[in-house]
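Below are structures written as structure tokens.
First chain A sits with chain B, and in the next complex the same chain sits with chain C.
Right after this comes the complex of A and B.
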């Protein structure tokens, strides 16, 4: 009974972690950008979904879609206003671009956090679930929305897989992550590849943000934690490896759930952090890293 | 403040040597000598009160808003002995360091006569020693920890500047036990409970007192669960509690609120939640949880539509008119605190901290949350709010269809308990077995 409960609860959490981290990993793989405003984009999407669905009275479906839309806008704003100007700046030495992007996205994330706290307060909110009610899975009372959440996540991941492996644009993306220089030599415009990857990233991060806020609630105070959790999943899985992130998300999700159920909910994140330290120490390229 | 004696000494040394440094000192002394001339104008000087709160939190901004509203009300009525009340507000970003810096600035630069600050016990406890060091009356409108008044008791001479303008954790637990006895045990036949509290300074004395008074009220405690304030997934916790089959979950939560409530609702945990849930006291909680709070019972000091005193409803109405939301609990207490300080300054007839403290101790003021008086130096909780039916006792509300219905105490109740369909009450347990 308890084992089954862990299986069900852990699956939903892990799937959400995976969706949040995949976009983060993809963008690093393709453009070498570590986007530390990641949590900010997720929470911005969630708060928009909550505000449009609840206080503005548009209902949960419109709210969720509008929230995802706002997340995409936030992702493009991050790229257009913060990342691209730094990448193009002549004043910043080439080999220092990455550290500038890192710092700038971190600050941008803090700006998003402060703005949300200012306009919507930092008290936690929850996005209205898409469907209500509970489903009995072999005696485990599971909210129907939790099942829908896992389904949406897997459909999104599946679509991403199709996009990357079965379409021309996706293959360009893959090529860019393997050898960007080779791609430019073949006459491809890297900037359009970047735009595509930021668009994909925006969709994934926004969906993850909105769904997570239905499940656990959200607040501007969660932004740092969300960025950190995506970061540790990506490091564990291997920087730039999308399938690595996917597996790492399940490892961390289940490790946390097992700890919460069998040891104590207060110690939830400790074993996964220990694992992260261990991996960085023994296998710094991550479990499935290429370099 | 430079005392007249010091100034004289400085002027004497100035006669002996005339180095540049002493010239400067003398200039300061001369300026200070000129001060009493301004003293005559003091009657018209504003009474400046510092307000330190976290502006991005619901309970924090209500402190700032409540203070502004109270000041405007006093000023519209002509002020205190002709002196206007002026609020100087600071955002502490929920950081004790920021709050302490704000306190120092309020006293040293902005020359406030008293400070109202923070609903967080951790922050209030950081400000308490500064109230002592800077000899400035300080009152917290929302922190609950017993430590606040314990410091006053342990070292009255130093810490007498601090007042506790909200119920202590012990009083809060007592009120909840009284309600549990009157309602849950007597009317609903409940016999067992599991306590669910967040790990924070204010819940330690709360749990201690609850463990003493809940069994007396008729609820046997099956377990006491303490959770980290940054817990996000409460499923394992509810799972464990449900397995123990209590009749009710007695909550002690403040920093967490939305997550446990939403998960309690979405997972249809069949045990009612009752007790202290600070976020559930704000009227925006329905919106924040999308109605998941239906059936949750929470303790509050006041609600917008129950006339605890003749001042409660007019105040809540004025607050809503100006800020578009109903006040959080700290909005009510802050309104009372501004009046208490302003009237004490009026009675003291000066800005002298010790005189103001002496007058604040004599407070007997009918505010928005009840009749307010402070316990004396020899009591268990010196400078704490007097708890009881004749003073401040708080009330219990239950969320029903988007409204907070007052269910206890009986003399002001406007409804009775009603639970969502997934809740199983003890009588239903019996019939199901």
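Right after this comes the complex of A and C.
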């Protein structure tokens, strides 16, 4: 009974982690950027969805869509205002671009956090579920929205797979992650590839953010933790490996759920942190890393 | 010429307790301890090339070790030394993965180290005071002037030691290891030894400063010495002041704390404004304030 409960709840949370982390992984794979404002974008989308659906009274569907729109805007802002200026700056040495991107996106994340806290709220919010009702899965009473959440996540991941493997634009992305120089030599504009990947990233992060806010609730104070968890999932799975992130998300999600149910909810993150340290130490490239 | 200017500035700072209010002294005292944090971080990042997202792991170890020992009746000076030692041990623990991992991977380990330390403190709330914080019975001094001088002297001495270390032969080798470990190794330098030394020195000063800070504040809490946001502030301070300058890190820290205090009337927005200023500096003056001035000085 309890085992089944863990199975069901763990599945939903893991799927959300996966969706959140895949975008993060994609950006790193294609453009080599570790975006530490990741949690900020997720929460910005969630807060927009909550504000438009609740206080503005537009209903949960419009709210969720507006949240996703807001996430795309936030992703473009991150790219246009923070990442791109650093990559193009002549004053920053090439080999130090990485640390500048890390520091700058970290600052940007803090700015998003403070702006949300100031203009909206810093207390926890919950976005209203898209559908109501409870479904009985072999005796485990599961909110219908939890099932919908997992379904939306998997559809998004499936669409991403189709996009990357079956369309011309997606294959360009793949090529950019393998050899950006070769791609430019073939006459492709790298900056438009980057715009596309940030757009995809915005959609994925925003959907994950809005759904997470429906499932667990969220607040501007969560931004750091969300970034850290996406970062650890991606490193655990192997930087740049999307399928690795997917598997790592399930490992972390289930590990956390099992700990929370069987030991204590306060220890929730400890085993996954220790696992992460162990894996990074023994196998720095992650479980499924390329290098 | 530079030495004379530095001495005049130092004298001016040392005379502050005679003519400014205790409030300003208190702000500057904290700022000076932050200056040491930032300089110790700069040694690791700027010179050894290690992306350490968890300066507060070392600081927190020092602060909590000192605070816990004090609650068991150990004299203050011994607590401070023990805090520094605990931080050095922590530094070695961090250095082990650093010798094997590069860039983002090591950064993540340091981030996780902070999270684990934070969780441990919260879980053993019975001993550590958990999220409320640990009350400390002793203080360095009750007089704000004495506290200020102590902090200033500590900042200056740490600054001198760290600066001369960074300019010494060992510091140059360290810089070489940070920029190209393989080439440094090929030239016959022991990369592991130099990096370990950098971690030990950085941890020593982080731990000392952390331990002294808790005896100044009279409390050790997760929010003031361990939380990631504190670490972020230290990183911002060092980058703002100018990497690879040591002195710049201290100036950046003082600037950041003072600016945060001046902008306090903005309420919640002050962190936003400070972060925005730091972002603009990073985007337009990537060498930081001191780096920018140095470069202009060279050109003139």
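Operating definition for what follows: the second predicted complex is superposed on the first by the 291 of 291 C-alpha atoms of A that agree within 3 Å, B and C clash if a C-alpha of one lies under 4 Å from a C-alpha of the other, contacts with A are read in each partner's own complex, and residues count from 1 in each chain.
As a working rule, contacts are C-beta pairs under 8 Å (C-beta built on N, C-alpha and C of every residue); 3 or more make two chains touch, one makes a residue touch a chain.
Nothing here was measured: the structure is a model prediction, and the numbers come from that model.
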>> A:117 in the overlay: touching chain B, chain C, both, or neither? Say first, second, both or neither.
In response: both
> Which partner does A:281 contact after superposing on A: first (chain B), second (chain C), both, neither?
Replying inline: second
>> Looking at A:232, would you say it contacts chain B, chain C, both, or neither? Reply first, second, both or neither.
In response: second
>> By the touch definition at the top of the document, which applies to A:125: first (chain B), second (chain C), both, or neither?
In response: first
> Counting only touches as set out at the top, which of chain B and chain C does A:260 meet: first, second, both, neither?
Replying inline: first
>> Taking the superposition on A as described, I'd like to know which of chain B and chain C A:34 touches: first, second, both or neither.
In response: second
>> So in the superposed three-chain picture, is A:83 touching just chain B, just chain C, both, or none of them (first/second/both/neither)?
In response: neither
> Taking the two structures together, which residues of chain A meet both chain B and chain C?
Replying inline: 117-118, 122, 266
> If you look only at chain A, which of its residues touch chain B in the complex?
Replying inline: 2, 5, 9, 13, 54-55, 117-118, 121-129, 134, 141-143, 145-146, 216-217, 219-220, 222, 225, 257, 260-261, 265-266, 268
> Inside the complex, what are the residues of chain C that reach chain A?
Replying inline: 45, 51, 97, 100-105, 107-109, 111-113, 115-116, 119, 122-123, 179, 228-229, 232, 235-236, 239, 267-269, 271-272, 275-276, 278-279, 282-287
> For chain B, which residues count as touching chain A in their complex?
Replying inline: 56-58, 61, 199, 226-228, 230-237, 239, 257-259, 262-263, 266-268, 279, 284, 287-290, 292
> Quick one: in the complex, what on chain A touches chain C?
Replying inline: 34, 82, 85-86, 89, 91-92, 95-96, 98-100, 102-104, 106-108, 110-111, 114-115, 117-118, 122, 224, 228, 231-232, 235, 239, 266-267, 269-270, 273-274, 276-277, 280-281, 284
